[in-house]
Each structure stands twice: as C-alpha cells, then as structure tokens.
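Structures for review follow.
Each of the next two complexes has subunit A plus one other chain: subunit B in the first, subunit C in the second.
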Partner chain A sequence: MGGSGEVMLSGRLDAAQTAKLQEFLDRIAEPKVIDFKDLKYISSAGLGVLLKTQKRVFESSGTLKLTNVSKHIGDVFNYSGLDQIFDIELVDAP
Partner chain B sequence: MERSFKRSLASLDEISEALQTFFADNDARTEHLESVILAVEELFTNMLKYGGGTGDIVIAVALDDGELVVGLTDFDVDEFDVTQAPEVDVDRPLSERQPGGLGIHLVKKLMDRIEYNYVERRGTTKFFKRLNR
Partner chain C sequence: MNDLIARVLVGLMPVVVFLFALVYLDSYKLISLRRIVVTIVLGGVVAGASYLINIALMSMVSIDQVAYSRYLAPLVEELGKALFLVYMIRANRIGFLVDAAIYGFAIGTGFALVENLYYINTLGDVPFVVWIVRGAGTAIMHGGATAIFGIIAKTLSERSGEARFVSYVPGFAVAWLIHSVFNHFFLSPVLSTLGVLVVLPPLSFVVFSRSEKSLSSWLNMGFDTDTELLELIHSGELATSHVGVYLNSLRGRFEGVILADLLCYLKIRTELALRAKGLLLMIESGFAVKLDEETRSKFEELRFLEKSIGKTGKLALAPLLHVSGKELWQLYMLENQASP
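Presenting the complex of A and B:
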C-alpha cells in the first residue's frame, strides 16, 4: 500500500491470488492508482478483480489509474478491451 | 515434458515453474513465455470448473521446429469444447462488462491456434504457438 488510495502490486497475479487481492481492494474506500511496476504477470482472474473494483470506483464518479504497466500486460488489457475502461500508463521503454 | 498436476489452483505455481524450466532447457525464446503460461492457466482453471473431472490433469509440452505445442488432458470427463465458447464482445462499455469469460478469448488471441479432442471420456485441449518470430 502506497500513498492515499495508491496500491502497489508485485509478483504474479494468477487465479490462486485473486481472492486475497479482492479482499484487500474491497477494504480500500477509494482506490485511485494501482502501480504495476513489480507485477510480472496477470491472468483473466486478475483482470476480473480489477474490473469489479473499477465498477465500484466508477459508481462514485472516479476511475482507476494503472501505472507502470509492462508491454505484455498492456497487450492483455488491449486484447480484453479493458484498455478502453481503465486509464493505463505503460512503463517507459528501457 | 509431460507431467500430471493436481486439479487445484495451488498447482498454478508448479505449472508456471515447469513451463519456465522447459523454455530454459530448450533454449526457447522467452518473449512469449508469459503468454504461454497465461494460456495454460486459463485452460487449466477452465478444466477445474467444467467437465466434472476429479483426477489429475496431464500437461504435455513439446517444441517442434520452433513451434510450441501444449496439450492439457482431463480424464473421465464430459465433453466440453472450449473452441466452441461464444465470442466475447470486448467493446462493451464498463456498465455492461462482467468479470469472467475472458480466459478462452485471451488464449485464442495470444496463441496461433487451439484444438479440442474428445475420445472415450478423455478431453484434450491443445494449443500451438510459433516461438521463432
């Protein structure tokens, strides 16, 4: 957990991890930024958690910003059409 | 490589490690490794949910002249052909999007092709990905 409403993800977000993440995000009243800098992997189960959280945030007139998203993870969002739903900031190319 | 894995989400770490080891042992280009792991996870978790299987799931991985071939086999199950899964409309607005249903869509997008075979209550889903490009 970073600053106000900022969450940092790390490691691999597969289907075995999503329940913990959902529980964590549900406890944050107004999540604003999710930093993907140390996130190596995400599957559709992880996308589902973020989509559910985005719906909740959107209802209170907000939107989630995803920062430092790698090219591979960015592609997963694009193929899912979720690049139209989240504010995504790709990591700078090395 | 051919190994059986317990039908549990707890197997996902082991599956990911096995695929990483396969790529390293075969000097395979790793730019598609995470996509391959994702495809296997989506198909594996699908097998956990559908088909009614209770035993281990066998994953076979081979590299044939630069083309990766991965097969997941579930035994004593009902027929469940993932290649016939309905298309997901990824252009719908947030209000109409629901969590779930994206897994097979991603496999189809990220891999070159996907096949399903069902014989004597044994269901095998196989996908192909050319790595040398």
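Presenting the complex of A and C:
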C-alpha cells in the first residue's frame, strides 16, 4: 500500500500472481487507486482480477482509478476495450 | 380443454425449460436469444422434412414400422439435426463445447416441439403417461442426442485442427445410438425417460465445466500472444523482428501496395482479436458490453483489406496469424456484438 492508500503494483502481474492480488484487493473495502508505476507486465489473468474488483467497486457506486500506466500497458487496455471500464492515467500524462 | 392444456404443457414445456436452464448456466451467454429462437424454428423445419422423408422411405423399403422407428427413423432425424451443427462448426460459428451443446439442444428442442405438437393433434385419447414420456423423455432425448453430437463433433474437429468429414462420424454414431436405444424402450418408456433425466444433467455439468476451462485457458494464452504481436507492430522494430523478416521475404511475390495492406491486415486482425478477448473478459466479470463505432469501422476496413490481399495474401499471412476455429470464431462473435 502507498502512503495515500493507493495499491502499488510492481513486477509482473501474471496468472501466478493473481490469486495473491485478488485476496489482497478483496480485503480492502473500497479500493480507489491502483498505481501501475512499477508494473512491467499484465496478462489477461491480471486484467480479470482488476475487472472483478472494478465490478465490486461499481456496485458501491465507486470507481477504480489506474495511475502511472505505461504506454504499452495502456495500449493493452485500449485495444482490448477495457479502457471503457477503468479511469486510466498514463505515466506521461501532463 | 383442461386436458389439452395439460397435454401441451407436459408435452412441450420440459424440453424448453431444459434448454433455457442450459442457456442460464452458460457464464458467457454468447448465443443471443434471437439465434436460439431461429435455431428452434430450424429444428421444427427439420422435423417437418424428416416426417416427409420418413414417409417416403417407409414406402420404399420393406421394413415393419417398429423396426423402422428403431433404426431408420433415428438415422434420418439425427442426420437432419446434425447437418445444421456441421454447417455451424465448418463456418466457425461455434467457439466452445458449451455453444455446440446449446445449439444442438436448441435444434433438438425445435424438432421435439413440432413432433409433439403433431402427436397432440393426431393421437386420440391416450393415457396421460404418454405425454410425460414424450415431453420429458423423447423431447429431451432429441435435444440431448444432438447436443452430444455437437460436443463430440466440436471436440474432434478441434483436435484434428480442421473440420474434416471424419470428425463428424463418431458423434453422429453416438447420437444415432442414443436415439435408437431410446426408441427400443428396452426397459419401459417410463424407465427410459427416467434414464434420460438422470444422465443428461450431470453430463451437461461436465461439458459446461470443461468448456469454461478451455475458454479460460485459450483466453489467457491468446491474449498474451496478441498483445506481444501488437506491441511488436507498434514498437518501430518490426523490420528487424521475425515478423518483419518474414514480411520482407514476401516482397518478390506481392506489389508494394499489397504488401502494405498485408501489414495493415495483420495489425487490424490482431487488434480485433485482442478486442474480442477483452470483450470475453468483460462478460466473464459481469459487465454489460457495448461496442464502439471504432470497432465497427475496423471490421469494414478488415473486409476491404481481405479483398485487397485476396486469398493468396491471407495464405501468406497464415504463419503469422492464428487461423484455428476459435480464432476465427472470436471475430465472428465480436462482429455480431458490434452489429447495430
């Protein structure tokens, strides 16, 4: 967790890591921000965890913001259409 | 009047309820209600055609009616229902086992509804148990046999990598056997009906579990592969990559404009493949999905590029693109979702 309550992700979010992340996110009542600054890679399994969390947050009228998203990972969200679901802030955004 | 209503309800409802239970159990729900209804109607048409063929065949072959109903009628009827699924599999309209099961059960449902309506109309005063057997036994057997054909045919065509004729034979033999055994009423009609009701629900559960596992594993692998290819195309280092080297090797065989279209085709197809997988991820997580204008226009562009590069161009790109049934199905699925 970061100082402002944001969830900090780092390294690779692949199938091997998703159960751990899901368990962690499930323990937070209403996660608001997930920081992608140190995230190098995300697979569909990782996106699935984020989608499930976003669904839960939506149900309590909130939304999940993804910050410091690299261009490459931003492209993954864009081309898969998941950018419609999340509020995404790219790392080089002004 | 009450008796007629009871006959109609018992004769027609169980198979419809079973079909919609299957649709409800499907987590992805990729087959629209409209398609299910159209398939049911087609099943009814197959029932009408089978009736005429059965009458014609019975007058041509010297076989008694009991033997005909045990051996030849199942052959004609299962063949009619199976042809629809063969078309669907060959045209890459079916992505997963669960879709094959639902389409199969739906065509069987249409068949059974028309058949039972015919019997309600023509059979006189018969014991009520007949309608129980026809509604919960024969009708569900019709749906189940074709669903099993679809499941086996889809599995074997996936395993062989292409939908060859031989992929359909084992499934057809099993469907025919189920139908024929049911029509024998070895124990009693009521016990045969109970047999159908005991076997089909757990079988459906196994198919649904296997299908969802298969979808999940294909989704994970394919998503990563598409992402890597797209990243490569956008990286500016395409020329030195294996993809670039391969495209370069095609220079002598295609004009410059066509070569450019080949690259555009590769890019748009990969983008659409990734979009389709994103759509499945969203559906899996329970999001209602609306596709944007951009996706629709990409399909228009894809069609244009397909014409431009022709069959030779698509063949040339085959080593770079995944052309398995599921990969082609996902584009069909996405295009359907994108249709206004």
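Rule of thumb we're sticking to: the second predicted complex is superposed on the first by the 89 of 94 C-alpha atoms of A that agree within 3 Å, B and C clash if a C-alpha of one lies under 4 Å from a C-alpha of the other, contacts with A are read in each partner's own complex, and residues count from 1 in each chain.
Please note the rule applied: contacts are C-beta pairs under 8 Å (C-beta built on N, C-alpha and C of every residue); 3 or more make two chains touch, one makes a residue touch a chain.
Small disclaimer: the values here were computed from a predicted structure and weren't measured.
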Taking subunit A as the common reference for superposition, should the pair subunit B and subunit C be classed as clashing or as fitting? clash
After superposition on the shared chain, which partner residues are touched by A:K40: those of subunit B (first), subunit C (second), both, or neither? first
Taking the superposition on A as described, I'd like to know which of subunit B and subunit C A:G48 touches: first, second, both or neither. both
May I ask you to decide whether A:R12 touches subunit B, subunit C, both, or neither, giving the answer as first, second, both or neither? first
On the A-aligned overlay, A:V76 touches which partner chain: subunit B = first, subunit C = second, or both, or neither? both
Of subunit B and subunit C, which one touches more of subunit A's residues? B
Residues of subunit A that lie at the interface with subunit B and also at the interface with subunit C: 15, 43-45, 47-48, 51-52, 54-55, 72, 75-76, 79-82, 84-85
Considering only the defined contacts, which subunit A positions touch subunit C in the complex? 15, 43-45, 47-48, 51-52, 54-55, 72, 75-76, 79-82, 84-85
With touch defined as at the start, can you tell me which subunit A residues reach subunit B in the complex? 12, 14-16, 40-41, 43-45, 47-49, 51-52, 54-55, 58, 72, 75-76, 79-82, 84-85
Applying the document's contact rule, which stretches of subunit C touch subunit A when the two form their complex? 219-220, 223-224, 227, 230-231, 234, 271, 274-275, 277-279, 281-282, 284-287, 289, 291-292, 295
Could you pull out which subunit B residues touch subunit A in their complex? 9-10, 12-13, 16, 34-35, 37-38, 41-42, 45, 90-95, 97-100, 102-103, 105-106, 109-110
